[in-house]
């Protein structure tokens, strides 16, 4: 499925996005919220990369930084050959049509005072010089594409259901025939029965138009459904980046393990039998991340080294990248044994503690 | 919070210096001279001499620096001397009004009490009236009470105080003889009788201004309440089984008051600015009247000082509003 | 399920209507259910199906106007609390029925300390003095697993993470040892690891305190993990009701079936395309005269358009106590 | 009996800002101070000089004034005391003179001591004032409320540049008047009590005075006439019918006295055209294209019904006048020719001047419209006058544009402002002026050529209308040399006529009286237009 | 998947229409706004068309002295329904003439002040760099003494404007400009606050992700959403502009003195209040009616501009 010869559409290297904290009498720059702290990954053309992690770990920031909605603190983001981080404003504007975004909250991301036609038409106004009838035709075409009734063109966002609103957002993203779309939790605010509609639509469009997605979500089951590869983020860094099936079958990073175990299954028989790993404590503040491994404060398998050294994201198995001291290339075994009950015991395998 | 405050105060200094310069230039540019109220019978040469004696002919830059020096060095020293009986100020020349030739600071200090009592009272009264009205209007939105409130506050906005003030005087002083039409600034409250007198003479100006302020603040209160009445935590409070009174007057009110309190704080400098027309109508002779007479007489030192104090208050109460916000709303922290 | 025991809460034929400019919205339509002591009833259904309105109608939390609780009885310990005076109802709220709301971010008053908000119902209902109430508040916070409870009493909600706030909400709901706890989507806004923490907490508390719980959610996964019995709502009505195992094993209503299929799984076979329920949720204008699901139902037939189906029992048992469904279509008949 | 009548309440709607008339010549300041500070002699309601601190008024006849008119000698009444109990001596007068003539002092009353070379005190009670040149009118220094005696002891440290720093003295001068200050709040109130050392032990009748300032004319009038809160209100300048309505309440009356204050229209003899470069506008280099013609000016005057103006604006406190100097009798010309309105005559004059009615009723000449800009200061009565005069001028075919300017700007004299009355960037303007005391010489001398405001002199100058006639200048010079009263009167009348009925560069409208409102319970009020109107507060009493 | 398949186009497709029609449709349903619009319409009509029917010149004074004296201060009569003033001028004609000025000044000055306030508020809220300087400038304007400021403006611009547009129009521009320039601060403060919040909303981010330049983000997304506080400021602005104008003309900074305005008529009338109360009642009523109706129109417009409220 992931042949090495496929073209990399997006290459992210050591992406850093810090939000400055100013304090003191003279508003001196005293620290940073390290929302994203050195993230590297590639997205191949036509693939969907899932990005999961708990709230506040920096997923949205990665997505936004990719499209340069923020000015990056460091690193490079090459999309289709151009380093987005270094483009001039005008060049960036020219580049915008190739990369688009679908937002988390369909209500919030639509201007309540614009009609559907106005919203979908906005990118056309900005980047094309279509005549009014051509524009209208294109709007209708887009509406058809995402399954919105043409009669809705004059309606306002509040007159739509959540699923329909998200379709508007998708239509807007599609308007300029982008190659790459960042979907920032496009389904989180939607009802279950509508989530499926939107996910199906995204998949269908991908098949039809050959789109590339970065699919951000904290719904692991949905990511499993849609993504080809999945990156698990924790506190501004990638903990694990693996092909989907391998990850769900056998997560390697302790955080990935805990995360997957926490997902409830809609099946009482299995749900009752499952062992959950309940993480203790809260996520540390990204303004003041722990020394060493970011996950060291909550990790069930924490050891002394974790508090000292920050693990690198290394390829432990073909196409599987993990940032954990206890997961090393020679044996792609999950950190700790699979049994949740023993989770607190440090793993013996392959680690010379 | 403390560093925030200090930082803002430090930042305020260049701002205020700039403002003072602008005011100075503006006043200097304004037409009119300190001689405008001197009778035409005074011959020209005498006028020129008088202007020279006032120092109004010195170069503007010199006058500005001079003013700054007096305002920031000499006057504070005098205040210090006055408080502690020291003599740091020596006999350096204080900032003198061109009109009365007395130190500007003394005149202002003399005016503050009556302005504060009358205008301050009316502001207080306005708040006291406005809050319950705003709360109830919002709680019963679109009820007749609410509609009437809107109507009256709109009238309150649209009818100027020079009209309402005179109307009150005609009705209550001339026709009914209930209240004096002229405010006695020399009245000292020493016993119940003089207190009664004071209350009597304050009634009308306070009422006129109070109603005007009330109209304004009640609008803010209402919209703020409306916003908070539909919040989720109100439902939580009800689900806890709290009585309606506690829900509205504790949970909703506390949240609604936050923006209103800051609006009120931002309005306080206007108290010190005096209500020029109201003071004039009721002859209160507070800071507003002082400013207007000084402007008419082109008394630059007085106008400059008053306006600058006003600017300081505006900047200060901007800060106070921010700090109040931080105190009242635990979500906001300045550091 | 303790058969023959008295239900703590028995709701019969509840009907709630909103009066709006565009006409009446029949948000809750003849909803009946009961709750046994110590039982956890899961309520699922898509957005707008009337789950929240049903629960809020019970204890008069809906603003009136526009809401109007028209018909029905809500028997709490045998007393119809829809008929009692506002003052008495107030004494039920918080004291005998605890409520946990969906959004932990906005459901706590941002300007009062957490302690203050926990103490409020304690003082209102149990007549504790300040010191006693505080002691009890510490106990409660410890119960819901907030470390350093004594100090955290003085914190404000924004100083807590979402999961901690939701725990505080639960602590408030539990404050007066209510017989019934109604949790309206308590974990929807939280992410999975925190959700898992909360679910563990509720399971534990149920065992400790033995109260009856209504748990509203969209997430069938959560239901599968904790519920004893499940009630499925659609279009303001109860369309299916069954013990949790039965429901997942043998869903009867087409909506329930569709719902179970739309959800992707974390394990097992990965489906190529997700099932979707086509069409839009019904508009609840006017009293229902037909099945609310008819427009989206693959099995709809003439009767569905003419008559609103009544709940009928599947197999043995009364409606409401075993497995029941409100549908004209009989899968066994057709499948056969 | 002193102090028997309780409190006297006076309201001035312009509040006094200082009680030293040498530092401010504002009416409010001079008059409030006049209850405390006294000159050697004053004027009575007829304009006659009366003794105050001296035994008699010196004249040439009684030898007090030297025959060559170069000195005047005053004899203080023996035994006079300041309110602090110290004796009044001639040294105080010498000091007062020094005080006001100090080069750095900026004395507001310096004009009063003009021409005085020295003031001598040969003994404690004798004051000799020497003049540089013969002074036909020697009653300037130490005469009238504007040049009272200061106590040398109190002001000793306040000479010259130090004058403004003596706030305590300026706010509470020690005087010889019937009252002494107990508290002064600048621009607000003055509290006074009867002076225990006042020379007449029976006076004043009032024990204390509450002198309130601020507000507006209407409120002041109301407080006396309608509510009775105050006994005396200064200058209740209100529409006559409003004032009449207030008087109807029966609590008080309005008093008027006529002096020399004349409301007039001044004609701009130079061209104020905005098209002219700055520095050329309203200067003698460019005579006025329309108003240089005397027939037009006369027509303007003839079209005005002065009696109606009086009726509308002043009622009993005004009189129609054709003279710039309406009083005293000696100097007042008998000119009444303008009092009857003559619209037809005015029209005829304009036609003679070549101004023919145009299509829209506006007269034209050589394609130029007869259009005037008429400015005045902001004041309700003046605006009514403007409206009325505009109506009449319209009637005779003149288009009029009105403009009003805030008084503080109009009279402010700021050379930077285009709106001052000196700059006169308008065709005609209206204001009132008068002269101090009874001698019109300096007043008439204002209209000499060299006194025209011009850019070179920063637009300072008193010859507002830029009238320039060598004959007039010569006559003014002659007046300055003439000592004989009858002759002086004749010359003055001639000068007055040259400005008014001979040339119509000044169009006098109304001789405005001074008014005040006094309660019916206040006795002894005698309005005085020649001196402070509070000149005889020592005689005021409560009517029981 | 009926929902996803291309829909049959059942009705004849209406092309997207101008959204102002929707605003109007909603506005029509707001009762208060309609009454307000009606009253304001009547007032505007009265002052615009009034002179056609009521042909008395507002400045006309009986030239004949005797007649003039008799015509002063009259009460109601058929010849003068609103009576006459102290110079015998017809009050109705003056009310009509005054209304024209007052309404025009109120509206235009309000527009200017709202325009400045909104611009400053939006810029300060949207561009972080401008925030500090612009807000300090707001403080400065709040602190500046109004009267000297106006005097300076009059001094600097009166002649030039009068030269360009004639005395009346020139004064009009000067006055509306003066009032506008000195009354925008409140609006700026409010708008800035709103913009700061709006800027963080996702739809603004969405517009940026499309590549919409800041200028159009502001015009298209920010401005329409700060409409409602602007409306409130605008309603209050009209009232204060009308009153301020009267204060200005009283100070001689305003229109030529024979030019009636409502504010000035009210001010002048106060002197005669006890004897001829109708002299204050008419202008007072006119001002209040204007302000009230503008307020209700503002309410209606605010609702109409908000599509979420629309159609409820």
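Order of writing sets the chain letters: A, B, C, D and E. Residues in each chain are counted from 1.
Keep this in mind: a residue touches a chain if its C-beta (ideal position, glycine included) is under 8 Å from a C-beta of that chain, and two chains touch if they have at least 3 such contacts.
Owing to the predicted nature of the structure, the values given are computational and were not obtained by experimental measurement.
Peer 1: Specify the chain most distant from chain D by Cα centroid.
Peer 2: Here the answer is chain C, farthest from chain D.
Peer 1: Give the chain pair that accounts for the most C-beta pairs in contact.
Peer 2: Counting C-beta pairs in contact for each chain pair, the top pair is B-D.
Peer 1: Please compute the C-alpha centroid of chain B, do the same for chain C, then give the distance between them in whole Å.
Peer 2: Distance between chain centres: 55 Å.
Peer 1: Can you give the whole-Å distance between the Cα centres of chain D and chain E?
Peer 2: Once rounded, the distance between the two centres reads 44 Å.
Peer 1: Measuring from the mean C-alpha position of chain B to the mean C-alpha position of chain E, what distance in angstrom results?
Peer 2: Chain B and chain E have C-alpha centres separated by 26 Å.
Peer 1: Identify all positions of chain C at which a residue touches two or more other chains, and write them in rising order.
Peer 2: 276
Peer 1: For chain D, which residues are shared contacts with two or more other chains?
Peer 2: If we look for residues of chain D contacting two or more partner chains, we find 406-407, 409-410, 416-417, 419.
Peer 1: Can you tell me which residues of chain E touch two or more of the remaining chains?
Peer 2: 3, 151, 155, 274
Peer 1: Quick check: in the complex, which residue numbers of chain B touch chain E?
Peer 2: Residue list for chain B touching chain E: 15, 18-19, 22-23, 26-27, 29-32, 150-151, 154-155, 157-160, 162-163, 166-167, 170, 174, 269, 291-292, 295, 303, 306-308, 310-311, 314-315, 318.
Peer 1: Can you list the chain B residues touching chain C in their complex?
Peer 2: 231-233, 235-243, 246, 251, 254-255, 258, 328-331
Peer 1: Across the complex, what residues on chain E touch chain B?
Peer 2: 136, 139-140, 142-145, 147-149, 151-152, 155, 236, 239-240, 242-243, 246, 263, 266-267, 270, 273-274, 280, 284, 287-288, 290-292, 295
Peer 1: Along chain D, where are the residues that touch chain E in the complex?
Peer 2: 218, 238-239, 241-242, 245, 274, 305, 307-308, 311-312, 341, 343, 376-378, 380, 383-384, 386-388, 390-392, 395, 401-407, 409-410, 416-419, 425
Peer 1: Per the contact definition, I'd like the list of chain A residues that touch chain E in the complex.
Peer 2: Result: residues 64, 67, 69, 92-93, 96-97, 100-101, 103-105, 108-115, 117-118, 122-123, 126-127, 136, 139, 144, 147, 149-151, 153-154, 156-159, 169, 172, 176, 197, 200-201, 204 of chain A touch chain E.
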